[in-house]
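Going in written order, the chains are labelled A, B, C, D and E, and every chain counts its residues from 1.
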Amino acid sequence: MDIKRTIKYEADRVSGFGREVMAVPGCEALEHCIQCGTCSGVCPLSIYMDYTPRQVMELVRSDFKNEVLQSHTIWLCASCYACTTECPRQIRITDIMYELKQRAIKEKVYPKRFPIPVLAEEFTKMVHDYGRISETWLVSKMYLRTNPVAALGMAGLGMNLMKTGRFSLKQDKIERRSELARIMESVDQQNQKAQA
Amino acid sequence: MTKPWTPRIVAFFCNWCTYTAADLAGVSRLKYASNVRVIRLMCSGRVDPQFILDALARGADGVLIGGCHPGDCHYVEGNYKMLRRFELLKRMLVDFGIEPQRVRLEWISAAEGEKVKTVINEMTQQLQALGPLGMPQKFTAWDQELEHLAQAVQARDAAAGPCPTHAAPSPTPEVVHV
Amino acid sequence: MSKPKVAFYWCASCGGCEETVVDLAEDILGVVEKVDIVLWPVAMDFKYKDVAALPDKSIFATLLNGAIRMSEQEELAVLLRRKSQYLIAYGACAQLGGIPALANQFSREQVLKFNYEDCPALANEAKTRPQAQFTEAGRTPHLSQLHHVVRTLDQVVDVDFYIPGCPPTPNLTKAAFEALLSGKLPPKGAVLAPDIALCDECERKATKPTDVAFTEFKRPHQGLWDSGKCFLAQGVVCMGPATRSGCGAACTSGNMPCTGCFGPTSRVRDQGAKMLSSLCSNVAAKDVAGIQQALAGIPDPVGTFYRYGLAKSLLRRRVDLPA
Amino acid sequence: MSAKKEELRIGFYVCHCGHNIASMVDCVAVARSVEKLPGVALARDYKYMCSDPGQVLIQQDIREHKLNRIVVASCSPLLHEHTFRGATEAGGLNPFYFHMVNIREHDSWVHTDRQEATEKAKALAEAAIRRVAHHKALEIKKVPIHPDVLVVGGGIAGIHAAMTLANAGKKVYLVEREPSIGGHMAKFDKTFPTLDCAACILTPKMSEVGSHPNITLWTYSDVTKVDGYVGNYTVQVKRKARYIIEDLCTGCQDCIPNCVFKEPKFTDDFNEGLGKRKPVYIPFPQATPQVVVIDPEVCLNFKRGKNPDGSPIVSDKCKKTCVEACGEKNAIDFTQKDELKEIKVGNIIVCTGFKTFDAGRVPAYGYGTYKNVYTSLEIERLVNASGPTGGEVILREGKNPDGSPKTPKSIGIIHCVGSRDKKTNIWCSRVCCMYSMKLAHLLKEHTDAELYNFYIDMRTPGKGYEEFYNKLLEEGTHFIRGRVGEVTDWAMTPEEEGKLVIRVEDTLAGVVRRIPVDMVVLATGLEPQADAGDVRRLFNMSCGGDGWFLERHPKLAPVNTFTDGVFLAGCCQGPKDIPDTVAQAGAAAAEAMVLIDRGYVEQEPNTAFILDQECSGCKSCIPLCPYTAILFDEERKKAYINEALCKGCGTCVGACPSSSIVQNLFEDSEIFSEIEGVLSYD
Amino acid sequence: MKYAYFPGCSLKGTGKAYEESLLPVMKHLGVEMQELDDWNCCGATAYMAVDEGKACAAAARNLAIAEKSGLQQVLAPCSACYLVLNKTQHYLHEYPGMRQTVARALETVGLRCEGTSAVRHPLDILLNDIGLEAVKQKVTRPLKGLKVAPYYGCQIVRPYATFDDQTNPTTMDRLLEALGATVVKWPLKTKCCGGSLTGTLPEAGLRLSYILLKEAIKRGADVIATVCPLCQFNLDAYHPKISARWEPVPIPTVYFSQLMGLAFGLPDNQVVLHRGMIPMKPLAAPAPAAAAAR
């Protein structure tokens, strides 16, 4: 039998992490959490999660940064907002999940070859480069980076899409790409300034 | 070292709702800006527009009036009377060149300690942004044009030498103040 | 034995107050008999230097009318104060600022620009403005200058008594002279008129119901008014309740509402604020929109409530104007 | 000439209030700064001004230092103004030569910068010093108290308050909106934690009320108007037409079986809609008074229309078998009209209770969608032996194979429905944990079903409550800590087919569960009555942000309101259980008796008066007074104030265009000097 | 009536049937839709996971372009676009810091976003601006006998929409009834279809789609009507994979706009039912009276 010590020491906490998250727009109400579990109760994906959404809330509030950022839960959130709608304390749990995803990406602590953050990154990149998303290209890029073998399994889907006229290899673009780029650049600069 | 300027707010709170709400804010240990000085009246209907103008003239940067919510006045309708005065006064103050944000009427019930806090903080911030009204300083500045002349007259009189003395005082009736 | 010396002087005023002295009619003879007039520019030729040459306090009483808005007026006010035992603010302008003080809603520049440049009845293509001084033929006369602020007399010098009105009535003037000459004077600073509001002597008072609730306000030109009925009961702003009596309700007798020239009672610090409070409190509506609609009939609250009293009001002047 | 003004000798005291003030305000600095102000004879700081030594200090100083004005800077005047006025008076001064400065609630407790708080205290103190110079000696007026009391609401709170007063020999009017007194408690089956039968403990009290010589019981009646003030209220009560002459009805109920409607077919509100009644009915067997009611909305004797006066039109189409059955008693009167009664009382106790949360507002729990979802109050009636099913717990939907109604084999009770939720009501309704366990016990007893309680936190703070929880654990009831996400009829597994499925996180186990049950019970929370706003205005009370009536002080005056002579008891002030309700009702009755037995109240002398010489008779003030205290003397053409009617709001003072009205304690000069004072600091 | 039209990337790609059917339907109802000039991707659910500020700025560019166009009502048919644009509006109103960042960023290219435009969903517009009466008048071929399970998905009703209930929406139900269809009551109206998890974590994502398909069939529906291109894609395109993994669940999923086109009697190339992988069963032949009226 493989037994593991599960105790948490104070040193395991990253002091201030909870406050930091709660300071982000949309995440303020977390301090009101009463751990009732409604979020988990309504979450369609909670049955696959390593920590239930409720547990994630408590881990954040208690500064267990590493546990939270490395959890599967944040990546399983499909942004359906059921938890946010039903939370009796009006905590915007979905937005907190977004914030945790951002932090995990920034700190590169998400599981390797895990398709969800890769999709998010590729998505973002495509918006930057072209201003619009072409689903076919996006999905292809994701598979190439995570599991090229699995892409083969998608061939049938592609065929079907082609049959119904929904498959396109054209990369849609906006005209004023430099305009969008400048906007994004400005946000970056402002953020850097704020951090400095 | 001079203190940085912060706004001065004179507040007139009705005894039953807003004053009690401010007490509640205290009991609840809510924290708000210290710029407001509360004067307790029985009802917002007692607030004479003269009080508001007087407060502004004496150096308040803003005046806050707090009363019971419409329909909730302890004295039935005193707050409506204040509301009516306030509506015209606000318009008149604009004609006097005073920003309407400087005078504020708020309905705050006895239970709304939190609202006392938000209103005072918000108003303090707004006034901070507007800057001082500074009526006493303005009065002094306006009256500087008088000093010019007073000085000139003094100088001229000094040059002209003393006035004729009271050689022939004017005959006057004996005065009894009644 | 010589008689008490009396001076009359006018500053920023229309001249109506001077008329009033003449309006004493035959009573003026009685006055003239008892006093020596040492200054009365409207009727007699005295020079300032004659006054300046008088010993201090040698004038028994000076009746000064008009507001103080020019440097010359200020100078004379200071001079007459020195020369007089009693300085009496005579009429609304001297007491309260009067009509001239409505200029306190504008800057000096605005006033000058309008009067010398923009006034439609003006022919001044060169847009010439009066100068403080100019040199011609080797001489440099100094001209009186417009102040930024129009002031009451007591905002410039110490005042002993006030005779209110635009203009003061002959009766009040006569009574004031009698009081002065008899030496039976009220405490310093008193207004020599009854300390009770105009309604007290207005014949229309009886027609005002006890349940007035305003739904709209009208201005005098917006209707034909019942000559026997209280103006307020007809929805016309009448300043009577906030204005001293003593005029014999002259305006309301002439079917015009009171405009407040006698100023407030002694208990009031700001006539306009009090009138506003009284009128608004009695508006019928309870919702903001309804209240605003009713009060829309008072388009110019400053002009309405401070027609005579702006300089004497608590704020004195539009506050964002330059000093 | 006026007499020479007496020299001002002000005594100033600043209270540390332990650390409450002193930790944020430099009290010594405040005293030193006030000391220098003109008229101040002495300025002291002291640890606790409201303590006996603090009060004695004031009294001694008045004598030794010949003080003639007193200012105390401490807590809110609403708390201790009375105390210090008393000390001032005990020192030999008129109590109104005193003024109080609030540097605790308005200063030390709400600020965080000691220097700023101290500056503020100085300014407020200076304002009081300037103000108190203008104070005048005033007299307190004593007003006699009318000894009768009005109790509004005939639930357990109203019943207990009325009985307490009546037993003490006071005359009581008990006004109830429904046809019978009893309130919510009359609907309950058993009461927690002792499980004694609600009816058994309540109905004797109800009939006592009905027959007590000191109680005038008016059911089916509304309070429509309240005038006056403490000790002297005039109250108008509308007695709604019940089409029965109460004095003639013997309660034989012969009319009911003889109604032309053979079967009951109209919604029975007392049974939460689970049963039916006829147009002529008695709400429940033990109803007090034992007088039937006719519902004009459904009785055939009435057309569906209204007379100009609002009363329903009598149609005369029915055979009137009820009248026949009533016979010589002649108690039925279809022409009866609403009747207005006017009574005079000195005190009022408001016990208007609560309403239960509308479970339909939480759609995720399926109330109204799924028939087998019930509210807790429905279950109370369902398990009640005198309820619509005679105490049998049967499901609304679903039949056994033999066609008989089905009994549930598994039941889920969901706590906190409409409580602890920002989207509905944020408060804890306080009784649901306990009554949910009570219902779990009763349902188990009736059905032997598997019981699940879904709770966020178990709240059992009461005598014997935790023990009751323990008993339930012993009974095998499942307690799952988790707020239910949804109730649904969509099945994932064969055993879920045909059941209601509860999806919830078992937060203690850390797993999400789906639990199929036959019956779901929603433990609905307590809410203020729908018309609480109107009732509040009627009695001049305040409501908290949550809508419950506001007590004057949460700790020290829990049954008083901000209006003297109006008291609160029971759930109209906030959710509470029966023991607390009864205790509060007793306290409210005692508070009323304090006033009655003292015989008078003291009135704050803050009334207004008109300066007769100065009044021009402009009449501007007259329409402003809501109490018609301002009258016009036609003879002298001047207004005057009837001091007995004036309540001291000062609205007329603020509006008098010639400042010819003065309000005692709030004179213009006093307020102007206060304004000057608060703006005097740098 | 004229609206700014924000199609979003999906309506130009795999969700083209939505656009192809919605535009003719709206035109048929007299609604003018002007495609937003040079619109960009709203950011969908993915961008928020990477950078909140940039996600807001990108979405705000579209709002700024809409404001510039003078059309204050932005019609966003895709659920994700609708949510993201609305969320951006909320953030800009609620958080001064965010407002400032975005304003400064837009300023660099001469754009301004005052937050004055309203982001609207076609359902909202159909029910509240156009009205069901007007819709009914256009119905020439009532969907009699067609049992439709209305599927709203998660993102249009929560958490920012105000035009319908967040837990139990009914606007599409009422619309479908107006078209003459029979609405199937089911408790999964707003349950998640799996979103992008169908591609990234199929075992979790596809299961959610499977539950929806299975339950719709169980409740007797002929067709599922949806408002979201991603929902439609998951329920339709992943169909073979779902059937292979669990059990065959043969039920077509179409856009509500396709059903509208059908009921309005629009030509096939404006109803585009051929874009779906599972054929819809043919409607009962129109009643003779109705046919005569045509």
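In the analysis below, a residue touches a chain if its C-beta (ideal position, glycine included) is under 8 Å from a C-beta of that chain, and two chains touch if they have at least 3 such contacts.
Please read all numbers here as calculations on a predicted model, not as lab measurements.
**Student:** By label order, what chains touch subunit A and subunit C together?
**Tutor:** Common neighbours, subunit A/subunit C: D.
**Student:** If every step must land on a chain the current one touches, say how few steps get you from subunit C to subunit D.
**Tutor:** When the steps are counted carefully, the minimum from subunit C to subunit D is 1.
**Student:** Taking all protein C-alpha atoms shown, work out their mean, then name the chain whose own C-alpha mean is nearest to it.
**Tutor:** Centre-most chain by C-alpha means: D.
**Student:** Would you mind pulling out the distance in Å between where the CA atoms of subunit B average out and where those of subunit C do?
**Tutor:** Centre-to-centre distance between subunit B and subunit C: 26 Å.
**Student:** Using the average of all C-alpha atoms in each chain as its centre, how far is it in Å between subunit B and subunit E?
**Tutor:** Each chain's C-alpha centroid was found; their separation is 57 Å.
**Student:** Please work out the Cα centroid separation of subunit D and subunit E, and write it as a whole number of Å.
**Tutor:** Taking the average C-alpha coordinate of subunit D and of subunit E, the gap between them is 49 Å.
**Student:** Between subunit B and subunit D, what is the separation of their C-alpha centroids in Å?
**Tutor:** So the centroids are 38 Å from each other.
**Student:** On subunit E, where are the residues touching two or more other chains?
**Tutor:** Touching at least two other chains: 167.
**Student:** Mind pulling the subunit D residues that touch 2 or more other chains?
**Tutor:** As it turns out, subunit D has residues touching two or more other chains at 364, 624, 651, 654-655, 668, 672.
**Student:** At least two other chains touched by the same residue of subunit A: list those residues.
**Tutor:** 86
**Student:** For each chain, which other chains does it touch, given as pairs?
**Tutor:** A-D, A-E, B-C, B-D, C-D, D-E
**Student:** Quick check on the complex: what are the subunit D residues that touch subunit B?
**Tutor:** 76-79, 102, 104-107, 109-113, 116-117, 119-120, 123-124, 127, 536-537, 540, 542-546, 550, 562-563, 606, 624, 626-627, 647-651, 653-655, 663, 666, 668, 671-672, 674-676, 678-679, 682
**Student:** Using the touch definition from the top, list the residues of subunit D that touch subunit C in their complex.
**Tutor:** Listed in rising order, the residues of subunit D that touch subunit C are 613-620, 622-624, 632, 637, 651, 654-660, 668, 672.
**Student:** Quick check: in the complex, which residue numbers of subunit B touch subunit C?
**Tutor:** Residue positions touching the partner: 45, 48-50, 52-54, 56-57, 70, 77, 80-81, 83-85, 87-89, 91-92, 95-98, 133, 135, 138-139, 141-146, 149-150, 153, 163-178.
**Student:** Would you mind writing out the residues of subunit E in touch with subunit D in their complex?
**Tutor:** 165, 167-168, 186-188, 211, 215
**Student:** Tell me, which parts of subunit D touch subunit A in their complex?
**Tutor:** Those residues of subunit D that touch subunit A are 364, 416, 420-423, 456-457, 481-486, 503-507, 510-512.
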